[in-house]
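Dropping the structures in below, format is structure tokens.
What follows is chain A paired twice: with chain B in the first complex and chain C in the second.
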Partner chain A sequence: MYVGQKVRRKEDYRILTGNARYVDDIDLPNQLFLAIERSEVPHARIKRIDYSDALKLKGVKGVIVGLNLPLEGRPRNFPMAKDEILYVGQPIAAVLAEDRYLAYDALDYITVEYEELPAVVDPEEALKDEVKAVEGRSNIAYAQTYKGCDPEEALRKSDRTVEVKLEISRVAPSAMEPRGGIVEYNGNRLTVYASTQSPHYMRSFLLKAFGDRVSDIRVVMADVGGAFGSKLFPYPEEFIAVHAALTYRTSVKWANTRREDFLSTYHARGQTHNVKVGFNKDGRVNAVIDDLIIDLGAGWHGTYLADIAATLVTGPYDIPNALVNVKGVLTNKTPLDQYRGAGRPEAAFVYERYMDVIADELKMDPIEVRKRNLIRNLPYKNPLGIKYDSGNYLALLEKAEKVYRDFERRAEELRKQGRRVGAGLSFYVEQNNFGPWESAIVRLLSNGRVQVVIGAAPHGQGTATGIAQVVADELGISLDDVDVVWGDTALISNAFGTYGSRSLTLAGNAAILAARRLKENIMKLASGFMRSDVQELMYKDGKVINPKTNQVMTLREVAEKATRNLGGVWRYRAEPLLEASASFGFDNYTFPYGSHVALIEVTEEGKVRVLDYYAIDDIGVVVNPMLAEGQVHGGTIQSFGEAVLEEVIYDKNGVPLTQGFAEYAIPTAVESFNMKWEYMEEGKSDAPLPAKGIGEGATIGGPPAIIRALEKAVGKRLTRLPVRMEDLA
Partner chain B sequence: MKVVGPEEKVKITLKVNGNVHEVEVEPRRLLVHVLRDLGYKSVRVGCDTSHCGACTVMLNGRSVKSCTVLAVEADGAEILTLEGLTKDGKLHPIQEAFTEHHALQCGYCTSGMIIQAYWLLNENANPSEEEIREGISGNLCRCTGYQNIVTAIKAAAQKMRA
Partner chain C sequence: MYPPKFGYVIPDTIDEAVSFLKEHEDAKPLAGGHSLIPMLKLRIIRPSYLVEIRRLKELQYVRKEGGYYQIGALTTHYDVVKAGIPLLSDTAARIADPQVRNVGTIGGSVAHSDPAADYQAALIVMDSSVVVYGPKGSRTVNFADFVKDVFTPDLKQGELITEIKVRDFSGYRWAYKKLERKAGDFAIVGVAVLAKKDGDKVTDLRIGLTAVSNKGVRAMEAEKVLIDRTPTEDLIERAAETVMKSIEPPSDLRASSEYRKRAAKVLTRRALTELLR
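Right, the complex of A and B next:
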């Protein structure tokens, strides 16, 4: 069995030797470089764009302005500002030149005349709807109410109530590879090399926009240098590049600089929660009422992030009454979309903050408060209709509690020495495996090797190794004989991609189902070769066996026999179909859960030092603990960044002050820390591979544990993500 | 002092992983871009401000961020990139340790990170955890959280000392 083992990654060799190819590493003949002139002001009316000087430069082949295409959730001025500039960084013009340096030079020769408009920056101001942020529309782009039972009445009847305003800043996903792409021009058929989490979805949205100008678009996913949710949904540059290739009839490359990436890659989080909680003296929570404002920026495609956060506001706790009023507001900022966790970190920050607040208000132990409210019986339907599937929340909490007690004792000892140290615990439930389904093809190649094509689009998670483990087990063959390929719309017809902690579970189960079908095909084929009835045969460890005659054929022998005799005639009893495909999905989401525990010191200079850290998850079956732990490590350090270091900051006029890694600090090795990770395997899904997914858990569990530890270290209530230096004084 | 006019190019020689290249470059062209144009694609750009280290190469025995070096400054230099670390298809102990300890995910930072580790272990054959963390603090990784990178560098150091 390979499932459950720490198997080394199949993906590594080409990366380690420098053979990986990210989009900017690919060059095509006759390729022009596309550079984008971006807005330097947050809100303005465009009066005139003069690019005649740019066209005079040697090597400049063209300039594009005024491109507008309709796309759901985006303003009219998309993918370019044609008459109204909506945020700093928005594309206004694009230059095509023979070389990257020339293209960027040419941007200096473009003059944009504009009349500045007042910018809407603060989401609560936006809610007043006095000054409009986007094209004269109402700033309130989205309003939704989620209600379960009678929260107002339950709040009134509670012994105590508490109100707290929780602010979650905007963050920049900051994958190490900035976004980019190449469009290969082949007449009316294009090939797009993309840094994407979903080549198939990219094909769909590009065809929707350009279907009248091309017959097809093949999307090939290059190696992707990190994404974290930020490379799933469409961006203006992709449309501009395709338009440029079709207009100038040549291949086009674009590659963001880091500054461009900060300004243009969708920001994330950006939620404010005004939470009222009603609870009894014994710590039982009766009701939660939450007014949620999400700062959508200059687009309204990120509203689902508020929906996810809202419907999980009661978290892993049995709270019967809940009300969430969601308001999504437009501002003159970079549009908002997903980042690792996508709505669930926001929810966890809210429910774990109010659990700690209640503990403090009642002077109760925070673990005891959690235990009194924890869901004991699964499946469980929360008051807003979300159905949690499986697991044993209490058993996991009790494991984490042991670590927490130890951390607390150590914190106490260090506090006695005059140091500012605190311990914090969070418990989270996650909704994942966002669907609807995923596809896979399993093929037996002529030399007996097995190739698995998956519709998921992994980019660092190691999913190819995990799925190879699953398929090797299903077929009873060596892991070395399985190769997993992905990331090309020409490889597999329809698929979704990698997002929402879904790939190993959905594509892995699809691969299992396809492998089972392949086995059936092989048995039928082998029965002809072995002159046996298929019912007489059995399949075991990569071999077809006739127990009566002791005849055996290996997969390789079947494959070789079915593919030889070039030029011969058809002499097969069954069709020599050496491949099978399958799709897999769930009729609900899956709900892993876990706990993070942190021991943190705030030094005299106000620096945050994590002294010890522990995480535990139950994601059902863990296919490869090494890969899963890698996800937890990375996610935890990202959540440390989000809790302590990272914040996208706009000045009051709407100018982003964080335009590079100097102003926006992602964790380096120095601030980062070691952690211990454990897992339980009680909360299984009912799939053939009963796994649930670990890609995002740590970004959900991390921030509330870190903030609680800091709160205990400095002795005052903390309500913001990230915490600021002044909060720790 | 040599004065170079607009659009004029300068001839330079670079010795990269033992291969000698003579190229004509604009004086403003960054070393990272010239190396990439020569096919050394493991040298990558992750920022414009020398924070991320994805472009780290060894230049005359020192680790440098090649996005902060003009190609003309490197005239005559010996450069080592990740492509030059593998000998006859055999991984260097640092590369071996990176895969053994799962010290890479998306891989974008990996080439710079390994070159930086190579420099670090040249300078200090037995670094402490703190020295490793300090030593790679100019190389950003968004995926791994660094824990396995630190473990891998420690393990490689041990192997290389043996």
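Right, the complex of A and C next:
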């Protein structure tokens, strides 16, 4: 069995030897480079764009202005500002030139005349709707109420209530590779090489926009240097590049610079929660009422992030009454969308903060408060209609508690030495495996090797290794005989991609089902080859066996026999079908859960150092503990960044101040720390592969544990992500 | 982040570099390039030519002579670290990250005059001077006068820094304390301290700060609190408090002015305690 083993990644050779191929490593004959003129002001009315001087430069082939295409959740001025500039970094014009230096030089020769408009920057100001941020429409782009039972009444009847305002700043996903792409022009067919998490979804949205001008768009995923959610949904540049290729009948490349990436790649988080909680003297929580504002920026495609956060506001706790009023507001900022965790870190920050606040208010132990509220029986339907599936929350909490008690004791000892040290614990429940489904094809190749095509689009997670483990087990063959490929709309017809901690579970189950079908096909073929009735045959360890005759055929023998004799005739009854496809979807999400525990020191001047760290997860079956642990490590360091370093900052006029890594601080190896990870396998799903997904868990569990440890270290209530050093000094 | 078009000149000698720079008003000398290249790529500057002085061997040296260290302008931060110069080497070790230290030069940093550069805190207390060479020959300027304002060195078109001179503070104890958000970041505050004691008594004390003003500042008032006295916890606290009161740091996205003041106090107290107690 490979499942459950720490198998080394199959993906690494190319990457470690510098042979990975990212979009900007790809060059096509006759390609032109596209550079984008971006807005330097947050809000303005465009009066005139003069690009005649740019066109005079030798090597400049064209300038595009005023391109507007309808796309769900985006303003009219998309993918370019035609009459109204909506945020700093928004595309206004694009230059096509023979090389990128020329293209960027030409941007200097474009003059945009505009009349500045007042910018809407603060989401709470936006809510007043006095000054409009986007095209004169109401700033309140989204309003939704989630209500379960009678929260107002339950709050009134509670022994105690507490109100707290929690702020989660905007962050920049900061993938190592900035976004980019190449459009290969082949008449009425295009091939797009993309840095994406979903080639199939990219194909769909490009065809929707350009279907009347092309017959097909094949999308090929290049190696992707990190995405974290930010490369899932469509961006203006992709539409501009395709439009440019079609208009100028040539291949087109674009590649963001780091500054452009900071200005244009969708920001994330950006939520404010005003939470009222009603609870009894014994720590039992009766009701939660949350006013949630999400700062959408200049688009309204990120509203679902508020929905996810809202419907998980009671977390892993049995709180019968809840009300969340969601308001999504437009501001003159880069649009908001998903980033590792996507709504669930926001929810966890809220429910874990109020658990700690209640503990402090009641002078109770924070673990005890959690235990008194923890969901004991699963499945469980929370008051806002979300159905948690399986597991044993208490057992996991008790394991984490042991570590927490140890950290607490160590913190106490260090505090006696005059140091500022604190321990914090978080418990979270995650909703993942965002669907609806995923596809896979399993193929037996003529040399006996097995190729698996998956519709998921992994980009660093190691999913291909996990899928290979699953398929090797299902077919009873060596892991070395399985290759996993993905990332091309020409490889597999319909698929979704990699997001929402779904790939190994959904594509893995699809691959298992496909492998089962392949086995059936192989058996039919083998029955012809072995002159046996198919019912007499059995499949074991990569071989078809006839127990009566002791005849055996390996997969390789079947493959070779089926594929030889070029030019001959096919004499067998069974169809020579050496592949099978399958798809898999759940009728509910999966709900892994876990706990993070942190021991943190804060210096007198507010510098944060993690002394020790522990995480535990129950994600059902763990296919590859090494890969899972890697996800937890990376996610935990990312949560450290989110908790104490990372923040997209706009000045009061709407100008972003964080335009590069000099300003936007992300953690380095020096800020990294030791951590220990453990797992339980109680909360399984009922799928053939009962795994649940670990890609995002650490970004959900991390911040609340870190904030609690900091709070204990400095002795004051903390309500904001990130915590600034000066708040700790 | 693609630079506009520029010419690239590789002179063989300093004189060749100087005469070219003199003739071409918008030309810029390229040393380690760790400030110049980013500005170029962001199109903040648009030089006509870059004049590569980086490989001029005659400006890469560290010598000790007559109680002073003479440091060639093109000495990298890493070579400064290795030279074992009291205070300055430890300061250089805290600059940015290994990549920057391996390529960035002390002359380049001084010429750039970034108000948050680590060197500013040390050089302001080391009786340092800057040797400038230009069409009219050589002149030596006190470091304190050389940096006139934010990004404003006392350099005319055609002039190059050829050497930084610092006093040899052997016999002193020293420390450079830097507060940064994360490894490799600019200082929120940097405090450099040189201290000499005779028995229990402090005979000399120098406190320099970076990132708290338009250029490196020396906290003379705070130094006086301890000079000729036996350091006690109270006196150290008073000196640190005096540092805090003597500065009016800027506010920016890294830190507020108020926080910089508090941090300067903590760092000063920590350095003084380490060196004097």
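Brief remarks on what is shown
Operating definition for what follows: the second predicted complex is superposed on the first by the 729 of 729 C-alpha atoms of A that agree within 3 Å, B and C clash if a C-alpha of one lies under 4 Å from a C-alpha of the other, contacts with A are read in each partner's own complex, and residues count from 1 in each chain.
Note that in this section contacts are C-beta pairs under 8 Å (C-beta built on N, C-alpha and C of every residue); 3 or more make two chains touch, one makes a residue touch a chain.
Computed from a prediction, not measured in an experiment: that's the story for all the values here.
With both structures placed on the common chain, the touch criterion links A:636 to chain B but leaves chain C unconnected.
Touch criterion met: A:223 reaches chain B, while chain C stays clear of it. Touched residues of chain A, counted separately for chain B and chain C, are more numerous for B. Once the two complexes are laid over each other on the shared chain, residue contacts for A:101 go to chain B and to chain C alike. By the document's definition of touching, both partners, chain B and chain C, reach A:668.
When the two complexes are overlaid on their common chain A, residue A:480 makes contact with neither chain B nor chain C.
In the superposition on chain A, contact is made by A:257 with both chain B and chain C.
In the overlay built on the shared chain, the residue A:541 is in contact with neither chain B nor chain C. By the document's definition of touching, of the two partners only chain C reaches A:726; chain B does not.
When both complexes are aligned on chain A by C-alpha atoms, chain A residues 100-101, 257-259, 662, 666-670 touch chain B in the first and chain C in the second. For chain A in complex with chain B, the touching residues are 8-9, 11-13, 15-18, 20-22, 24-25, 58, 100-101, 174-178, 223-228, 257-259, 459-462, 626-627, 629-630, 633-638, 660-662, 666-670, 672-675. Looking at the complex, you find that chain B touches chain A at residues 7, 26, 28-29, 33, 36, 40-42, 44-49, 51-52, 54, 81-83, 85-86, 91, 95, 98-100, 102, 104-111, 114, 132-134, 136-150. Interface residues of chain C, counted against chain A in their complex, comprise 1-5, 38, 41-43, 97, 179, 181-186, 188, 253, 255-256, 258-259, 262-263, 266-267.
Of all the residues in chain A, the ones that touch chain C in their complex are 100-101, 104-105, 108, 257-259, 603-607, 645, 649, 657-658, 662-663, 665-671, 725-726, 729.
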